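Down below are the structures I want you to see.
The same chain A turns up in both complexes below, where it pairs with chain B and then with chain C.
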Partner chain A sequence: MRSWDSMEDFEAFLDGGGLVEPDDDMPDAYRQAVFRFIELHANSEYMGGLTERDWIAKAPGLTNKLTALAKTQDEIGHAHLLYMVAADMGVKTRDEMTADLLAGRTTFHNVFHYRAYSWGDQIAIAYLVDAAALASQQAVFKNCSYGPYKRILRRIIAEEGFHMRNGEELLLKMAKGTQQQHDMMQEGLDRWWWPAVQLFGPDSPPNDVLLRWHIKSERNEVLRDRFVQKMVPQLQAAGFTIPDPDLHQDPDTGRWVSGEIDWEALKAAIAGRGPDSERRLRDARNAWDGASWVRDALDEAAAVPA
Partner chain B sequence: MGETEPVTAIEPAGHPAETPGARELVLALADDELCIGQNLGWWIAVGPFLEEDLALTSISQDELGHARALYGLLGDDIDAMAYGREPHEYLCAHITELPCHDWAETLVRHFLYDTAESVRWDALADSSWESLAAVARRAFAEERSHLRHATGLLDRLLRTDAGIAYLLPLFDQLAPMACELFDAPSGCSDEALVAAGVMSSELGNQRARWQDIVGDALAPAGYQPQWPVADPEAAASGGRAGRRSPHFAALHAEMVEVLSIDPSARW
Partner chain C sequence: MKTYEVFLKRAGKDPFTHVGALEAPDDDLALSFARDCYARRSEGEQMWVVAREDLLVADPTELEMADRAHRHNDGTFLRDLRQAGSAEPT
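Right after this comes the complex of A and B.
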């Protein structure tokens, strides 16, 4: 177990590229901040799985069904890994994290407070949301100071990369498909563009401890801008429009400039007042509460030798 | 997706696949896997705990993979076979069509189905239809992990009062129903299939072997399933004869919802 005499020493260790491990005597403020960040990530992967599952049963054809199942299984697998890493920090147990999530005491990303209304929405999630999530996670991975989180992010990022490429492939199929497919995809993009842009969050505060402690490596606005620069030309080239009437190219720099972002929508979603927040949490609660006898009985069986 | 493709010969004449009933048997097994895989996939993100979500979704993918491999023995357009047929053309056993949105039901069905599968894959592992034997051997290997999952949970839960209260009544209901997994599809003579080396044992023998396995697993809980007497007449009007249970319509409607939006589209 390592310990540091002062926050200055600890921050110097972080600035030098040091990796903090669970049994280190890390400053409590760091432990809490990293824990909350990982818990939010875990909750979001779990709720993302719940958002996507509506369309697995309806996925068109066996290959798409298998891919959709594998993708959502990856998300639940990420939640599983993240909850274990978070639990190892000794702040809350896995059951406590689940209870807090289901009671609305903790949050998950804005995008998973929305509903997927069509197969086009399902593709928009893979294409936009997975790309946005991947960009954020890559930025965390690059300079992440918490060892266990950095190590599982390597795997998560590899898998999210597959999801995004799957999203690209399916989006291009819709782009080249029938008029109905094209319309379905455009509607999906219309519904998911802004939530994906908002996912990056408002501009980072000037003295963001997550940046100072090397959890994040880039400011929210930088990641958000990079996403817009990448996505706009790709979507336009595929024949789709961006649902932002004020979007324009800066004549001097050639960079795409978004219209005003509605941060109230982000705040409302995260506070559990998003369009589908209630159903999402209700589904999760029903599943968790309905199977409490299974968990209790398995605990009971584990306590008694066979 | 095009019109329903007839099940066409892709093997030379005289091949074991040409034995009367061989293709119908493979189609029935593929349809079982398709429905089971579809129903197990429902559990993603809503299982009793995350590890169980992951396990059931893995098994779902395996079963759908088996469906794909089995349809692939019958023709090239796998989606047309999986999703393009009329309900009466499916040959699945009714137990595979049950939604089982209660986890205890899913566990009991999973145990009954995967023990049955292990018996039937074993009976096909040395099939004279070599590509079927290859599918069976691969599936049999995967079945071991499915069975470890099912029996591991069942054994532990049946040591508790709650487990006994939730699970045993479901065996009363589902074990007799699962016997249909060993009914022959209409027009399929299992004696002929055994004679041609497509299967190593008749379906009645497979069923008896499966009932022993199930009985042995439940004996420690002091329970013996009440097995119905095999009834050829009931079989002739059941799932293997193309008669669908009341659950099939909703299951099928979900499977084809997007596909039916535009039959000319490629997804």
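Right after this comes the complex of A and C.
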């Protein structure tokens, strides 16, 4: 078992590009911080998978239903992988993490505290939210000091890339569609622009341990700004507007500058007081309880001698 | 529930690579879950699934000790010899 004499030694190891493995005697503060980060990611993939599942039946046409099915498998699959990596850190078992999520004791990303009403919402999620999530995950992957998380992120990022491309494809189809489709898409963008921007979080604190310990590689505000610079021209070129009346281009730098961001909305959502938090959690609990017969059957099958 | 480790061999001369872990109640379901979790897009042409309790795991500090200088000829002697040779008048 590898161990470090002091936090200075451990941080020097991380600064030198060292990868921490589950058997290492890592400082407890690092273990807790990395665990909480992965648990939040796992919870978010799980809740995202349940949202996606709702659209298997509702998506228009067979191709879109098949894509929704594949995306549901991907998101639930990501949750599986991440819960395994988190459980191996020895802080909580997988069952404890599930119980905490369903009881509202742990958190998941703000974007899964809002309701998707229409197919336009669903495309806006695929286009904006998946792109925002992918940008955050790529920034973690780049410099991630926890070995199992870095290795599993490679796979997750590849699959989120499919989702983002699918979102862009659907958005452009809507842009070229009827007036009704265009309006439906614009309504979706109006509902999801701000939650997606807020997903990056407020500016990183000056001494963020997640940055110091090489979990995050970029400050929140840098990733958020990069997202705005990329998305605004794309959406405008497709003929859509951004629901931010104060959005403007800096005359000197040409960069897009957002209006004021409502961080209270982010805090409320994450605390479980978002517009759809209650229904989402109830839905997750029902899904978990409704599948208990499957888990019981698996356990009973395993108990029968071969 | 048992924990299993999953290894995939991409293609041809590629080695088997560890891709992650999963929980399953028995071996048959472990294979099924491994396909669902790790090989939905033909990520490999062969897959090994091993119960974690059956893996023998070496202590990494013992592996570090196996890295001895005398096992690596780093070419210093030959480099010095050649440099000395080229400095001499021909």
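Criterion: the second predicted complex is superposed on the first by the 291 of 306 C-alpha atoms of A that agree within 3 Å, B and C clash if a C-alpha of one lies under 4 Å from a C-alpha of the other, contacts with A are read in each partner's own complex, and residues count from 1 in each chain.
Rule of thumb we're sticking to: a contact is a pair of C-beta atoms (placed from the backbone, for glycine too) under 8 Å apart; a residue touches a chain by one contact, two chains touch by 3 or more.
Values in this document were obtained by computation on a predicted structure and should not be read as measured data.
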item	value
Which of chain B and chain C A:2 touches, first, second, both or neither	second
Which of chain B and chain C A:298 touches, first, second, both or neither	both
Touched partner set for A:80, first chain B, second chain C, both or neither	both
First (chain B), second (chain C), both or neither touched by A:151	second
Touched partner set for A:50, first chain B, second chain C, both or neither	first
Contacts of A:88 with chain B and chain C, given as first, second, both or neither	second
Per-residue touch tally on chain A - higher for chain B or for chain C	B
Which of chain B and chain C A:23 touches, first, second, both or neither	second
Common ground on chain A, meaning residues reached by chain C in one complex and by chain B in the other	70, 73, 77, 80, 298, 301-302
Chain C to chain A touching residues, read off their complex	3, 18-23, 25-26, 29, 36-38, 40, 57, 59-61
Chain B partner contacts - residues on chain A that touch it in the complex	46, 49-50, 53, 56-62, 64-66, 69-70, 72-73, 76-77, 79-80, 83, 119, 170, 173, 177-178, 180-181, 184, 283-284, 286-287, 290-291, 293-298, 300-302, 304, 306
Residues of chain B touching chain A in the complex	1, 38, 41-42, 44-54, 57-58, 60-61, 64-65, 67-68, 78-79, 82-83, 103-104, 153, 155-157, 159-160, 162-163, 166, 254-255, 257-259, 261-262, 264-267
Chain A residues within the chain C interface of the complex	1-2, 21, 23, 70, 73-74, 77, 80-81, 84-85, 88, 94, 148, 151-152, 155, 298-299, 301-302
